[in-house]
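Note that the chains are named A, B, C and D in the order they appear, and that numbering of residues resets to 1 at the start of each chain.
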Amino acid sequence: MMGPAFYIAAAIAVIATVMVITRYNIMHALLYLVVSLLAVAVVLYLYGAPFIAALEVIVYAGAIMVLLIFFVMMLNLGKESAMQEQRWLKPRIWIFPSLLCLVLLGELVFLISQNHQPPSEIKVVDPKAVGMALFGPYMAAVELTGILLMAGIVGAYHLGRQKEKTLHRFLEN
Amino acid sequence: MLPALIPIIPFISAFLLMLGWKRLSRIAVAVLGCGSIGLAAMVAVITAIQFAGNSEQAIVQHAASWVLAGTFQAGIDFRLDALSVVFVLVITVVGFLIHVYAAGYMHDDPDYARFFACMNLFVGAMLTLVMADNLLLLYFGWEGVGLCSYLLIGFWYKDPANGYAARKAFIVTRVGDTAMAIGLFMLFQYTGTLNIPDILGKSPQLWTTGAPVVTTIALLLLGGAVGKSAQLPLQTWLPDAMAGPTPVSALIHAATMVTAGVYLVARMHVLFELAPLAETTTAVIGAITLVLAGFSALVQTDIKRVLAYSTISQIGYMFLALGCGAWSAAIFHFVTHAFFKALLFMAAGAVIVALHHEQRMTKMGGLRKLLPGVYGVFLVGCASLAAIPFVTAGFYSKDQIIWLSLSATHGHVALWLAALLGALLTGMYTFRMFFLVFYGEAKTAVHHRPGKSMMIPLYILAVLSTIAGFIELPHTMGHVTLFSNWLHPVLPAVTVINDSNAMEWTSQAMSALLAIGGIGLAYAWVVLRPKGMSDFLEMPAIDWLRKYWARGWDFDYVYNILLVHPYIHLSRMNRKDLVDKLYTGLAALMEWCHNVLARTQSGLLRWYIMAVVLGAVAVLSVLIWRIYI
Amino acid sequence: MHPTTAGMLLAGVLFVLGLISILVRRDIIFMLLSVEVMLNAAALAFVVASAHWGTADGQVMFIFILAMAAAEVSVGLALILQLYHQLKTLDSDEAAKMNG
Amino acid sequence: MILLVLLIVLFAAALLSWVAGAKSHAACRWIALCSLLFNLGIVIRIWLAHTAISGRWWYQYKVDWVPHFGISLHLAMDGLSLLMLALTFFLGALAVLISWKELQTRVGFFHFNLLFVLCGITGVFLTMDLFLFYFFWEMMLIPMYFLIGIWGHEHREYAANKFFLFTQAGGLLMLLAILGLYFVHAANTNVYTFNYFELLNTPMEATTARWLMLGFLVAFLVKLPAVPFHTWLPDAHTEAPTAGSVVLAGLLLKTGAYGILRFVLPLFPAAAAEIAPLAMLLGVAGILYGGMLAFAQTDLKRLIAYTSVSHMGFVLVGAFAFNEIAYQGVVMQMITHGISTGALFIIAGALYERIHTRNLWQMGGLWLRMPLMGSAALIFVMASLGLPGLGNFIAEFLILLGSWPASHLFTILATIGLVIATAYSLRLMQKVFLGPCDRQYAMRDLNGRELVIIISLIIAICWLGFHPQPVLNTTQNTAYVIR
């Protein structure tokens, strides 16, 4: 009972993700990932979560991906890295992981298709309800998430600092 | 006089000799070693005279308490009755003579003190054995003499062969001791005591004649006796035991220790009377042993081995007598045998020393002129051993056994025939040895004549070997029963069926004729050497038979193949302990697992993820399988 | 198709694609990227479930995942930077040399 | 109180000797020796004061430790404990004496460990609280591990690890069993206690009892050691320094036997009776198998170690015969084996000091050079083959006499063990002291210090052989369990 919008978005998401995982150039991959994320945002919207869709666009596609892009640009990897990637990604390397993952996918599909819930329409959950839940029963988790982000910031700062001496003293020589 | 003193004196002297092994001079050692036995002999004689006044009543002395555990009780209690008095007298008197002889014989040995310490220890242990009032103390003496036998056979320890002989003696007798120990456990289980008089008193009430339990017990005790007395099938140690110094062979392996089995059976005669099967077994073992050992003695070349096999054979006679219920006859033969066999051993020792430690008879000969003293006593000994009628002690004791093996209640014609065959063999091997040593031409120079201390004991024993027979004469010839009367309070008289003078005369005549015939054969074989005889002896079959007998009927070979070699090989194979392999194997498995798992920790991120995925697939598969299939 | 099933299938497909990628890639940035794909797929599943039951919990979870992804990316990038400085490469297998 | 003194003296002496060891080796040795002799004196005084047949428990000392869990510092002494303690301090003192010259490295720490082991052993023999028992049981382990691992011979680390793993595995099973018993008792009576006397009559199902009994039994069998748990012993004995071997053979093995008598049989009489045939089978297997292995060894200390396996088999046979005579024999065997095997190890150590080898093929004819040592060895070899007149005979005879009614077959097999004992004992004597000697240089015979040690051991073993009554009387009251 899903409309064509869903199928189109889903198709874009899947194709874009396939493109992500097959690119040699990191930049291309990132851009495809942004596309994939945007498509997922549409799907999210279709599932009655407009607030989440917005978050997906703003935070995921907008912030996180952009952070990655800037990072890659900062490392200035260029052509060589793409060549390297090409050398590493020989066809036969794909075989076993793909088979394994397909098995996993098969199992997932099997499990999902065993859904015996009565078919129900998509229920829209408005952002207010999300906000009430966040600051109601999930209060503690929100606080913890805040701490996690804080730790992330501190950690990133600490790790990202360029030090004169980067080796641990045990690793010297 | 206290009976306990008799065994204690040798023990004390042994202890002193051990303490003073370095400080005591040779003379002091000899005085202490011989003096203690002499003292013990004096005490024994005095005690025996006292005892003779009232020989119905045994003297029991409680020296000390020993073990008291639960219901089990055993003390260090000594008992003198008619039987033990006989043994004590023989042990101390013959022991003393042998000690005196040994003082001369061992004079040049550097370990003089050790020798006498062991000898005294032996006499003490042997006296304890025969004077013990309970079987535990008897067992103490029993093992004690085994130890001394071990120490003295291996006295010249530098030669590994002596050590081997010593170990063999100890282990083989220990096999018999094991049977005996089990017999003791059974006795204790049923009678609740190991006190000999109590056991003998209780057993007729406990068991009917032929009851399986008492038969088993008697057979187990017989096992112990067989081991100690070198009877079939545990006789193999005795010929090898000749590795010890000659006085040791005379004292331990001829006169005293090897007759401990005879003592044991006689002492426990009540049990054997209740178990006819055991009695028959005893008689059969004795008969077979005396014949087999006789054949072996016939073909030995080593003078001491001849005597060793002859000892086995003579003890076979004693067992035969015991098995026929002729208790006092067995003991009588023990007494005479102790005299003449000690005499023969010591005389042989004198010859050996004279010929510079030459034991092979093929190297001897013509000593009649060179060693006339030894020749005389040796002749007396041989005559007694071969049982030359009327003048020798051996005749009276052996003749009694031969006659009783036919006429006693447990007697049998087959036993009698075996005994007669034994008489023939005895005459033959004894005089073969005698002629080989003293006749013919001299092959080795005499370098050392026996001194007085060696010869005097020989003369005394020669006298004893002659006159000792007259204390018990068959009733066809004077009917003197001093000895059996003496033993009567302890050992019941033999019951004789089909008793007739004519038959007894026949038996005596036959045994005498056979003995003399044997001597004649030996004379022909060794001295005359007719052509036909030497041809006969060189036939391959006969030659093979000779070698076979010389090897002691291959008992050693069979035991080696069946028991000794498998045990040694099995234990050598398992030297590293198979069970340990279980644990080292477990450790190796753990180490292998560790290595395998350690390899998975490669540090390669992709492998880790792969493992996670595999895990996820596995978990989901299990989930699906459990829920949906 | 049932909407919940469809959404879940999409989430599953995206997740497995991310998984394949992380298995075959050696470049550590690509691996990070793949993790993002997988996280996103998981988050999508939550929202689909939320839509199915009509409750807010799924969306709350999405927000948490989002926050976690942000933290992860920032720390992860910092780590990659360090690694790059140390090893002069982005090959994750090279990092195996860092063991003990 | 006096019981606590025994422990405290050893513990204090252990610490003191460690401290003193840094300054002066002699001081540390004297401290160790004096403390052990002091304790020996106390024990002998107690013994003399209690020869009359009085109540079973002579001393009790009990202080709550963790009352909440029912743990208390509960010490008690009866005849069995007393004898074991006397043996402990006697052999302990000898162990100090034999190390007097042999041991020159890290002397302070060595004596600390030695005294600490002895302290643990003392605790094991005294404690009547199962928690505390486990505590002492483990306390014996670690210093012993160091004794083997630091001062041992060439493969010491392997041996020490093996020893530790085996005994630790057994100990953990025992811990499980102790806890199981604790909770079973609590479930049935609502009283949480580790007190031995209260646990004695715990009602429980037969199956539970069987499993708990097995837990205890396996720990003790490993320590004893019984076939097939014996393989740690030859390694540990061989590699340990002489003092370590003496303590191991003389005392540590006895804790296993003691545990069977004190815990397995009284706590689970029915279950123990049920398993008796199997236990006797293991005992007999130990006697025969250990004897056979001993016969094949080429390493002197290893040979002696396997004789321990053989001799401790008798303990197992006797303990599960459920017969008073056999029990008395078992106690005798524990003591006499401690003395005779300890003495053989001391002789092996003295030999090693002189000729620097333990290989039997490189010995022979040493009687010529060292007649005193040879005579001493002869006496203890004879003891080990069960010659009457020496203590071991009384022990083995009583065990066999007592176990005969329990099982004819096993008794017969165990008696055959005496023949095997003869074989290996005489082989030892032959290979070491008899035969030809190719060593031309002079070797000194036993010196004064060694003579004191050996003569005291000879006196002890002869005394036990001729007058075992004091020992038998002391344990008479200690009826462990009579079916």
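Keep in mind that, in the parts below, a contact is a pair of C-beta atoms (placed from the backbone, for glycine too) under 8 Å apart; a residue touches a chain by one contact, two chains touch by 3 or more.
Composition by chain, UniProt nomenclature: B = NADH-quinone oxidoreductase subunit L; D = NADH-quinone oxidoreductase subunit M.
In this text the structure is predicted, and so the values were computed from the model without any measurement.
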Item to check | Shared interface partners, meaning chains that touch subunit A and subunit B | outcome: C
Checklist entry - Higher C-beta contact count, B-C or B-D? => result B-D
Next on the checklist: Based only on mean CA positions, could you tell me how far subunit B sits from subunit C in angstrom?
Outcome noted: 94
Next on the checklist: Please tell me the distance, in whole Å, between the geometric centres of subunit B and subunit D computed from their C-alpha atoms.
Outcome noted: 38
Next on the checklist: Could you work out how far the Cα centre of subunit C sits from that of subunit D, in whole Å?
Outcome noted: 64
Next on the checklist: As a quick test, compute the distance in whole Å between the mean CA positions of subunit A and subunit C.
Outcome noted: 5
Checklist entry - So which stretches of subunit A touch two or more other chains? => result 97, 100-101, 104, 108
Item to check | Multi-chain contact residues (two or more partners), subunit B | outcome: 610, 613
Item to check | Residues of subunit D touching at least two other chains | outcome: none
Checklist entry - Which chains touch which? => result A-B, A-C, B-C, B-D
Item to check | Of all residues in subunit A, those that touch subunit C in their complex | outcome: 1-2, 6, 10, 13-14, 17-18, 20-21, 26, 29-30, 33, 36-37, 40, 43-44, 47-49, 51-52, 55, 59-60, 63-64, 67-68, 71-72, 75, 77, 81, 84-85, 88-89, 93-94, 97-98, 100-102, 104-105, 108-109, 112-113, 115, 117, 119-125, 129-130, 132-134, 138, 141, 145, 148-149, 151-153, 155-160, 162, 166-167
Checklist entry - Hey, which residues of subunit B end up touching subunit C in the complex? => result 601-606, 609-610, 613
Next on the checklist: Using the touch definition from the top, list the residues of subunit C that touch subunit B in their complex.
Outcome noted: 19, 22-23, 25-26, 31, 92-93, 95-99
Checklist outcome for this item: subunit A partner, complex, touching residues on subunit C are 1-10, 12-21, 23-27, 29-30, 32-34, 36-37, 40, 44, 47-48, 50-57, 59-60, 62-64, 66-75, 77-82, 84-86, 90
Next on the checklist: Help me check something: in the complex, which residues belonging to subunit A touch subunit B?
Outcome noted: 97, 100-101, 103-104, 107-108, 110-111, 114
